[in-house]
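One chain, chain A, appears in both complexes that follow, with chain B as partner in the first and chain C in the second.
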Partner chain A sequence: MRRVLSVLAAVVVFVALWEGYKAVGDPDGTVLFGTRVLPRADDLSMPHVWDMLRRLGRPELTGGRPVWQVVLGACLFTLGITVAGFAAGAVVGLLLAVAMQRFRLVERGLLPYVILSQTVPLVALAPLIAGWSGNLSFGPYPWQDWMTVAVIAAYLSFFPVAVGMLRGLQSPQASGVELMRSYAAGWWRTLIKLRLPAALPYLFPALRLAGAAAVVGAVVGEISTGTRGGIGRLVIEYSREATSDPAKVYTAMLGAALLGLVVAALVSLLELPLMRHRRRVPVVTM
Partner chain B sequence: MTAVSVSGVTQVFNRGRPDEVTALSDVDLTVAAGEFVSLIGPSGCGKSTLLRLIADLLAPTTGTVEVSGKPARQARLEQAYGIAFQQAGLFEWRTVQRNVELPLELRGQSKAERRERAAEMLELVGLADFAGHYPAQLSGGMQQRVAIARALAVHPPLLLMDEPFGALDEMTRERLQTELLAICAQTGTSTVFVTHSIPEAVFLSDRVVVMSPRPGRITGTVGIDLPARDEAVRQSPDFFSHVTLVRKTLRGTP
Partner chain C sequence: MRRPLLATLAAAVLTLAACGTADTPATPAASGGVTPIKLQLQWFYQAQFAGYIAAVDRGFYSEQGLDVQLLEGGVDIVPQTVLAQGKADYAVAWVPKALASREQGAKITDVGQIFARSGTYQVAWKNSGIAGPADFKGKKVGNWGFGNEFELFAGMTKAGLDPGRDVTLVQQQFDMQALLKKEIDAAQAMSYNEYAQLLEAKNPATGKLYTADDFTVIDWKTNGSAMLQDAVWANTEKLGDPAYQQQTVKFLAGTIKGWAYCRDNPEQCRDMVVAKGSKLGKSHQLWQMNEVNKLIWPSKAGIGLIDEADWKQTVDLSMTTKNQTGDTVLTKQPEGVAYTNDYVRKALDQAKAAGVDVTGAGFKPSTVTLSEGGA
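Right, the complex of A and B next:
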């Protein structure tokens, strides 16, 4: 409940900042020594929030479906891809973390590559994955464009899970590990009874980061692979009309933001029942 | 039948490094079945280390450790002992009840059995009303009592306790001492008990083993021969003469 309220408060603050800047900002932007340090505040660059909302209600093109339906449809399409990529990334991240916890050698050998993997620019990655997977197929089901996008989302989201979960699995104190040892519990039972539960407070912040990364991965992935039907594509399409219909592109961005919120809410839904009695650890990303 | 047999054990930590520590040097200790032995000595003399060796949580640098006539490792795998550490070490995501159930769970006991046993143990340490609480909701002393209940839950033939009553108030402490003795006598449990308190060691033990540091070694043993272990005996001259004897042994002046 508190979290829902804080999300609402954040939205209100954002709208206030946006409109506030529009009210006081220079319509031509503030230019210092030849560089623009503050953006233009005119209606073309920063349409009013209510203009965006109003735009949602009107048809996309004359006679077409209303914009909100188009945006929502695109959001759902991208949400599907995001969730698929997020789930795959989370599973891979978890497995990597467990493997790294189990074998010191794996941790030493793998962790640098896990970190390195995130420095590859996404835009360079997308065509690569599309190229590799183009002639893959699962039996009668050929590889599809959306799968490439999901792989990109997974690629971005496995990282926070792997790193956060590894920290979590290593978080139990020596006394807990010794206790399990005194019960003659092997590695597996120590994992189930001690390490996994102890890792939960680390896992959920990591999942939240991974969710955000999956949204970014899906949107950018759609754009760079040219996948149709999703919100990423919509942003590109609408931004072509930015000069004639400036509010329109922002409706697509609202959609993308909504997507992020929905994914965060999904993680919270998972977290609530599991973390009712747990202390929280500060968010750790690295 | 000996419950514990430690012979010629030396424990060196960080061997060959600048921070090398000889925690124990040539230690011999036997605990007979059903015997209650206390380890006492100044901080850092290796009491916890000796206990961890018996529990096979550490492997000795040299020497052998046997529990119930078996190598310590085998005894650990057979869960031949229960252990309570200096810190409670409860699992914060489990309720008090489920913490006590943990060792039973790992022994594959049925849910009903576990329930019953855990309830019995919590009753014993006076925490029956807190079964559904989480460790974070308990005071340090209460947490320690849960840890004791957890160690006792499996009715192990050997009980290893590392200053389990250190964090408790005097009243609770004395009550639990009496309870512990009753349990040990009833079940014939052998006990190795680490403490800093001389009266506690005297009250509980059949034998008090005195240790001294740098390097950790056993410097003396005081047999305790008291007629009974009740509240009255705590005030008896017999009790105080034993306390004095242990104190002298600790100081190294016979």
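Right, the complex of A and C next:
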């Protein structure tokens, strides 16, 4: 209950900041030494919050569905892609982490490339994946456009899982590992009984990061490849109308923000059954 | 165990695919008399591609025995690259950009120059004192970059300006807000898209929509710095195959019929584009249809025929115009078969024989009234 209230309070604060800045800010923005330091506060750049909400209720095109329905439908479509990409990325990340924990050589050889993989700009990657994947098929089922986007989402989300999980798997103290060894437990048993449970507090923050990354990957992937149906595509289609209908752009952005919140909530739901009575690790970084 | 990045990525892809790859044959054999064909467009469905959409919807391709699938573009989709990679059978692309890809090794050939004229404008406020490219001196000039800017640079060079020194160049977004907010003095705009967006916006001072009287339009066509735009490109290597040659003629014949249909029935074509799920409003699409028709019709020699003088102008400008970083689109004359009229001539003959008016000598553009937001 307190969480819901604090989320609502955050929304109210944000709306107050937005409208407050609109009220006091210079409609032409504040320019210092030729650089704009504060954004313009005019209606074209920052539409009123109520204009955005009203726009949500009005039809997208004359005689069409209202914008909120279109945005919601697009969010659901992208949610599907995000979940697929997140699941694939999490599995790949877990497998990589286990492999890196098992073989020191793999860790030394692979980890730099895992990190390097995240420095490749998405805009360069997206057309490549779209190009390669066009020839793949699942037996009789051809590759679909949304799968390209899911691969991009997976590509972004495997990274925090791999790194966080590796840290978690290596977290048991030497005494614990030695105890397992004294029981003549093999690598597999040590993994199941000791390392995996110890890794959980590291895994969940990593999954949250992965969830956020999957959303970004899905939205950017849609924009990049022009995949029809999702919220990313809607953002770019509406932004073309920013000239004459600025509030419409923000409806799509609200949708994207909502999607991010929903995914974050879903990931923390995963946590509930497993994380009772366990200590939490606040941040997982390299 | 050192694995390159690509292997990691490929592993991820394969994990997702969990199966082998099935290479699609380059030219699928005509089974049951219908040949599947993919056409890569440059952008989302809009009236700019109405002729192809109409040819699909009205069955002009299927009467040629073709089953044409239209592939929408995206921000990072480069049609000529998709074509060169074999992911599409034909692609729609602007000539200078496609020639640049050719120079980089893409084996593609212009087989039909659908848009005979360029639709690129540079738009300024009427009261800004800008009447021609020479007046850009000392002003902030918006452009899209990514190879869309060369007509502007050619126009400025022709007017005696050094684009790198005499003007402040500003990278423009997809919308026209920068011009409306007077952040820039002149904005790049397509006659059929961004210019209409300006006329769909409300003037806060009057509460009414802006009108053409509020703006000065510099049209590169009247400045001698226009370049050829939308053309149908085919795969050069496959053009050696008689089956692909025939298919190209059939595809162009269907395309010609589609564009002729949209010239005579702009409202119906607008409706087809809207039905394809375009997010742009109806009046905007009708405007676009009308403007696109103006870029094609009337077509003296027949739609799709590549005019040698226009081609030469495009290539010359591509080789001589420098952008702000000193680059030209092309470093040398295009090698090999960059364009051919062989197939479009046959297609035109076929269309004429079928009673299609391929020149549109009597074409009169209509006057489209835009409503707010293009709705």
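As a working rule, the second predicted complex is superposed on the first by the 278 of 286 C-alpha atoms of A that agree within 3 Å, B and C clash if a C-alpha of one lies under 4 Å from a C-alpha of the other, contacts with A are read in each partner's own complex, and residues count from 1 in each chain.
By our rule, contacts are C-beta pairs under 8 Å (C-beta built on N, C-alpha and C of every residue); 3 or more make two chains touch, one makes a residue touch a chain.
Every value quoted in this text rests on a predicted model; they were computed, and no experiment measured them.
Undergrad: On chain A, do chain B and chain C fit together or clash when superposed?
TA: Result for chain B and chain C: fit.
Undergrad: Now for A:E241: first (chain B), second (chain C), both, or neither, which partner does it touch?
TA: Second partner only, chain C.
Undergrad: After the superposition on A, what does A:S175 contact: first (chain B), second (chain C), both or neither?
TA: In the superposition, A:S175 contacts chain B only.
Undergrad: Check the residue A:A184 against both partner chains and state whether it touches chain B (first), chain C (second), both, or neither.
TA: A:A184: touches chain B, not chain C.
Undergrad: Between the C-alpha centres of chain B and chain C, what angle is found at the C-alpha centre of chain A, to the nearest 10 degrees?
TA: Placing chain A at the corner, the angle measures out to 150 degrees.
Undergrad: After lining up the shared chain so the two structures overlap, which partner does A:L200 touch, if you call chain B first and chain C second: first, second, both or neither?
TA: In the superposition, A:L200 touches chain B alone.
Undergrad: Which partner does A:T78 contact after superposing on A: first (chain B), second (chain C), both, neither?
TA: neither
Undergrad: A:Q101 contacts which: chain B (first), chain C (second), both, neither?
TA: neither
Undergrad: First (chain B), second (chain C), both or neither: which does A:S157 touch?
TA: So A:S157 meets neither chain B nor chain C here.
Undergrad: More residues of chain A in touch with chain C or with chain B?
TA: The partner with more contacted residues on chain A is C.
Undergrad: Touching A:D42, do we find chain B (first), chain C (second), both, or neither?
TA: A:D42: touches chain C, not chain B.
Undergrad: To be precise, I mean the smallest distance between any C-alpha of chain B and any C-alpha of chain C in the superposed model; what is it in Å?
TA: 28
Undergrad: So chain A touches chain B in one structure and chain C in the other; where do those two contact lists coincide?
TA: Correct list for chain A: none, the interfaces share no residue.
Undergrad: Name, in rising order, each residue of chain A that touches chain C in their complex.
TA: 28, 40, 42-45, 60-62, 88-89, 91-92, 103, 105-106, 109-110, 113-114, 116-117, 120, 123, 126-127, 129-139, 143, 147, 150-151, 154-155, 158, 223-228, 234, 236-246, 248
Undergrad: For the complex, give me every residue of chain B touching chain A.
TA: 52, 55, 57, 76-79, 81, 83, 85, 87, 89, 91-94, 102-103, 105-107, 134, 136
Undergrad: Using the touch rule from the top, collect the residues of chain C that touch chain A in their complex.
TA: Residues 1-5, 8-9, 11-13, 15-19, 21-24, 43-44, 72-78, 81-82, 85, 87, 173-177, 180-181, 194, 197-198, 200-202, 204, 274, 277, 279-282, 372-375 of chain C touch chain A in their complex.
Undergrad: Which residues of chain A touch chain B in their complex?
TA: Residues in contact with chain B: 173, 175-176, 178-179, 181-185, 189, 193-194, 197-198, 200, 277-279.
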